[in-house]
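Two complexes follow with subunit A in common, the first pairing it with subunit B and the second with subunit C.
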Partner chain A sequence: MNYVEPSSITELMNYVTTVEDYRCLAGGATLVAMMNVGLVEPELLISLHKLDELKGMRIDQNVIRIGAMTTHTAITDEDRLTGNASLVRSAAGQIAHSAVRNMGTIGGAISHADPSADFPAALTAANATIEVLGPSGRRVIQIDDFFVNYLETSLTEKEIVMAIMVPLSPADAIGHHLKFSRVDGDYATVSVSLALAMEGRICSYARIAVGSVAAVPLRLKEADDILIGSNLEESEIARASELLLKSSDPIDDVRGSSSYRKFLIPRLIRQAVLQSKKELSYT
Partner chain B sequence: MHVKQDGSKYGVGISMPRRESYEKVSGSAVYTDDMVLPGMLYGAVLGSDYAHARIKSYDTKAAKALKGVKAVITAADFDMQRCGMLIKDEHPLARDKVRYIGEPVAAVAAIDMATANLAMQLIEIEYEELDAVFDAEEAMLENAPILHEERDSYDGIVASPGLHNVASYTRCQEGELDVWETCDVIVEGVYETPAQEHMYIEPCSTIADIDPMGKVTVWSSQQSVFIPRQLTAEALGIPMTKLRFITPQVGGAFGGKCGVTNQPVTVALALAANAPVKLTYTRSDDMIMNKSRHPSRIYMRTGADSSGKLIAREAKIYFNTGAYADEGPLIGSVATFFSRGPYKIKNMNVETWCVYTNRTKAGAFRGFGVPQATFAGESQIDELAEKLNMDPFDLRMKNMVATDDKWLGGQNIDHGTLPGCLKAVYEASNLRERPKQQKLDNNKWRGIGVSTSAHVSAVLSASAVVKLNEDGTITINTGAVDIGEGADTILSQMAAETLGLHPDDITYTCTDSDTSPYNYQTAGSRTTYVVGTSVTQASVQVRNQIYKHASEMLESAESDLEILPGSFVGVKGSPDARIPFSAVAGRALNQVGGPIVGMHSWLYHNTPFDKETAMIEGFALDGGGVFCFAAQVAVVDVDKDTGKVEVVEFWSAHDVGCAINPKSVEGQIFGGVVQGLGYALFEELVWIDGQISNPSMMDYKVPGMNDVPYDIHAIILETQEKTGPFGARGVGEIPLNGVAPAICNAIASATGARVRTIPATSERVLQEILKLE
Partner chain C sequence: MMETISLTINNEVHTVLIETRQTLLSVLRDKLFLCGTKNGCNHGVCGACNVLVDGKAMRACLLLAITLQEREITTIEGLSENGELSLLQKAFASHQAFQCGFCTSGMLISATALLDHDSTPSISKIRHELGGNICRCTGYVQIIDAVKSVCEGKTDCT
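Up next is the complex of A and B:
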């Protein structure tokens, strides 16, 4: 196995286009573990650590652009993640424990596309877009189209995630990532991500995604539509979660049975919505 | 306790830092896997793909032909013999049959790990698959496949009970059998406990090196140098003169490294390759190939009269010991012995079966059968209290044993310290004022639960050698492996106290089977009591010899002498009449008497069962003794939406007789409570079709920092143990024993839901809550 550290995009694309069997190395939290147990054995490991374009965060026209190589810790500590984007911060701080948060990156997390990870659901609820670069140039993928299946994204071969763009608006929205796991630091048994805004007693904005209950983050426009314009009464929350529950298809594993996860879906959605509603009523 | 010239205190009763703390905290401590020998090869072990199969043939040619491979071994290459601590039923590498998925069948030594792993893929083994059985009770059915066809002929100290797949059977009966009609209330239930993984930080690791004379030196992460040497010698047919076992630092063990782990296979690889070999298990191999705690299913019934006086208990305990007995028969005996709990119950009838199944074996684990029995027993005390409409604390106070009561089997309880422990937690937790059930925000409910437990802290034999060095310092030498619990420190403190020295003037040797005096193993909460007695007595001999020399040198009667700070012996009341220990040593070495050495060796004799009052059958232990007691209180919050349980505060009171090092005792209590909390709420190996489905730290979860209450209150009581060194008893295991029932009793108090299967995962708790709705 060979290892390279390109320091320019041209150099990166050069490796990507000429080598068949390569893997990009971001934080390595997942990739190195997979290599250790022999799940993947790439010929070439391309480190993304030296690419400036993939680093840092900047705000442009009310959208925060988060470089793919930004670590979970950096996101947790970023106070420009406000309004709708506060959801991303809330999720980042709940990933694993500090050793993993110091290494793992947002680009690596979504490229790996594990449906029980926190960012896929959080970025879905945050209505993010993904900027990718491939041999045929740059394009932007809406988050709803990004996750295709378990550990599968719509990145074409040789495409690389450059950045994640998260709208700050609605600025009056608050974001909540409610993670339910067996112990602190575990992957979610079920997670509920939502961005919510209210005008008076009426919900003016809502976007909910549920993680760990299907091959990709679960989001339904119809469910959001039930909440938007409503008073977020129990019955309305119940109707929205009923729809999401019906579309879920959770697996049985050591974190919980499928039926337990189904039990949790409406209960956690209810907790998350009521908690956000309560917080909004204070602001 | 002594006071140094600078005013600092030392000796027994002082919380001095662990002697090896700096090494461990700075990362400089050397563990087995840190060691590298010149020309060292790397070992790997191939596990069986089948839960139960006959081995028809091996083909290791391709693996042996691979460049860099120096040895490939199977049981066919070595005439490996069955070994085992209690029943000789296990080969280091499977011979003729495999009995669980992952059972070691072949091993490789190669120049690096990558080559060793590649070689393993080239080994071909032809199997003939057999039916398998995974549940203990199913394994006892007549039509279940038999794991050990030759069980009846196996050697060992536990006779075969002659039952289908049963490794051992234990029964204890006292009082009458037909008393249930005289009970006003009876509770009955089935309790299940999981296979808990030890999850020591350091996986099993061994290095074996051969010298030109053919002697093999073995460094390993182990709990004794003697038991693994003995079992390796037996398994490989090597005399002990050809085996030397040494223990570097150990990164935790908790019972999982009792007996043997991968030492025999490593030695066999080194012999086959004629080169040093290191074999360190991966985390997954460690979880699959090494033992866990015995999972149990316990059918229990307890009856009381309307005043709350306990009248009878009956229990049928099934221990799933997996493919091999290991210490299962002894653990089953201990569970039987502790099944009454620390209560007076006149009529007892308890049976325990330790059953072979096609799973990874179970063995010793902190608590040693007591946590299982305590979970069932202490749950039933609360269930009875509910039926009696009595406070569960009062019910315990009413029935608990005290000094000079009898234990199950008739042993006298010399120090009945349970009442003190119960009172201590009652007061510290302010139990009187606390509501049993309290509604918090959202759908969260708070509850409180109590448990009691007991343990013994003395078994088998130990010895110690204490030497006065030329410069007046001391070397202590015992066979006690410090597995992280702090034995090196407290044994130094006991010698320091006896000799009036600062622990810095005492050094200790690492355990080495060629040079250390015998000690059974670091197990059974026994080191403080059993090895501590030897160290103290050997130190007393040294002190007496020092006095004898000093009396001649100072021309004073021995009774007028005293030991002074700074390694001096002097005449009482005459500050100038004193000589240093070094002068005594010099005189002994060169002029009179010879080197000053103290030596103590002993065997703890258990108090035997009273065969007049108790019907005892199949016990692998011949009695008990040095009882210790504990009382624990848990406050938990339960989220009724999800079933999630959070332990918010915990009290744990222990009468340790004398805290040689109070901080160390607290450490044992904190650690035991946290490991017990994991057992109660999270930890469980899960088998699917005979395969462990969660053999990694990713899938098998121990509590993280945020899952543990900030407030764990360790309460140390000190009612002197008449027979113990400085009055001390052990505390290594007991803090774990009662944690699960305290937590489950608290869950019941918060929600009304009784969880009888642990771990009480959120899912299980929610299921019980939903049953009530």
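Up next is the complex of A and C:
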């Protein structure tokens, strides 16, 4: 295996276009684990850690641009992630443990597209967009179109995630990522991500995504629409949950059976909505 | 492919011939014979291979050595100074915070990173931060007590 560390986008694209069998290396928390057991052994490993454009966060016109190589720790510590974007911070802090958060990156996490990971659901609820670069240039992918199947994204071959853009607005929204796992730091059995805003007693904004219950994060506009304009009464929350539950298709695995996951879905949604409602009524 | 790289480990520069796909864990143990860092699961779950990279705890089994040439690495062998154990190491000894000892170096690295960041963590924060290190002997109580004793300034190192 050859190893390179391009320091410019031109250099990066040169490798990507000329080598057939390559892999990009971000934090390595998934890729190196797969290499250790012999699942992947690319001819060329391209480290992304010298590319300045993939680093750091900046705010532009009410949208925070998070470079693909930003670690989970840096996101957890970022106090400019406010309003709607606070959801992303909430999720980052619940991923694994410090030693993994110090390594893993948001770009690596979404490119791997594990439906039980935390960012896919959180970024779906946060209405993010993904900036990608390929041999034919740049494009932006709406998060609802990014995850295609288990471990599969809509990135075409040779495309690389450059940044994740998260709107800060609604500025008065609060975001929660509610994660249920067997032990602290494990992948979620089920997670619920929610951005919510209220005007007085009326819900003015809601976007819910459920993680770990289907091949991709589960989000239904119809469910959000039930909550928006309502008082977030128990019956309304139950109706929205019912829709999401019906569309879920969880697998049986070591973290829980399909039926147990279905048992959790409405309970976690209710808890996430009521917790957010309570917090908003104090602000 | 083989390549010669330089790694700064415990303030010492080591020049070593490695395979490009070799992890830091493998280089530490198999090339440099710094065997205090343990190989438990080799996929990031158990915490036995924790090291500090630029002061932050990371899994040596998930880091490729070749990516670390400009970084400062600290292993368990680097926690003592001039042969004197660190306060945390002394506290682990006095609290008998180990049985087989396999998890100890990883635990000490996590605890060192925690106290560098927050010198007075609550018990629940200590438990949370050590949650990424698996111990199959002690039941964790003595380990948490040892860390807590250092925060409270009493190491009981008799």
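Structural remarks
Simple rule for what comes next: the second predicted complex is superposed on the first by the 283 of 283 C-alpha atoms of A that agree within 3 Å, B and C clash if a C-alpha of one lies under 4 Å from a C-alpha of the other, contacts with A are read in each partner's own complex, and residues count from 1 in each chain.
Note that in this section contacts are C-beta pairs under 8 Å (C-beta built on N, C-alpha and C of every residue); 3 or more make two chains touch, one makes a residue touch a chain.
Just so we're clear, the structure is a prediction, and the values are computed from it rather than from any experiment.
In this overlay on subunit A, subunit B clashes with subunit C.
Once chain A of one complex is fitted onto chain A of the other, the partner contacts of A:His97 extend to both subunit B and subunit C. Once the two complexes are laid over each other on the shared chain, residue contacts for A:Phe263 go to subunit B alone; subunit C is not touched.
When both complexes are overlaid on chain A, the residue A:Val254 reaches subunit B alone and has no touch with subunit C. Contacts of A:Gly185 after superposition: both subunit B and subunit C are touched. In the superposition on chain A, contact is made by A:Gly28 with subunit C only, not with subunit B. More subunit A residues lie in contact with C than with the other chain of the pair subunit B and subunit C.
In the superposition on chain A, A:Tyr15 contacts neither subunit B nor subunit C.
Overlap of the subunit B and subunit C interfaces on subunit A comprises residues 97, 183-185. Residue ranges of subunit B in contact with subunit A, taken from their complex: 117, 442, 641-642, 644, 682, 686, 693-694, 698-707, 761-763, 766. Within the complex, the subunit C residues that touch subunit A are 1, 3, 19-21, 23, 42-44, 47, 50, 53, 56-59, 61-64, 66-67, 110, 113-114, 128-129, 131-132.
Of all residues in subunit A, those touching subunit C in their complex are 1-3, 5, 25, 27-29, 32-33, 35-37, 41, 45, 47, 49, 73, 96-100, 102-103, 183-185. Listed in rising order, the residues of subunit A touching subunit B in the complex are 38, 97, 180, 182-187, 189, 254, 256-257, 260, 263-264, 267-268, 270-271.
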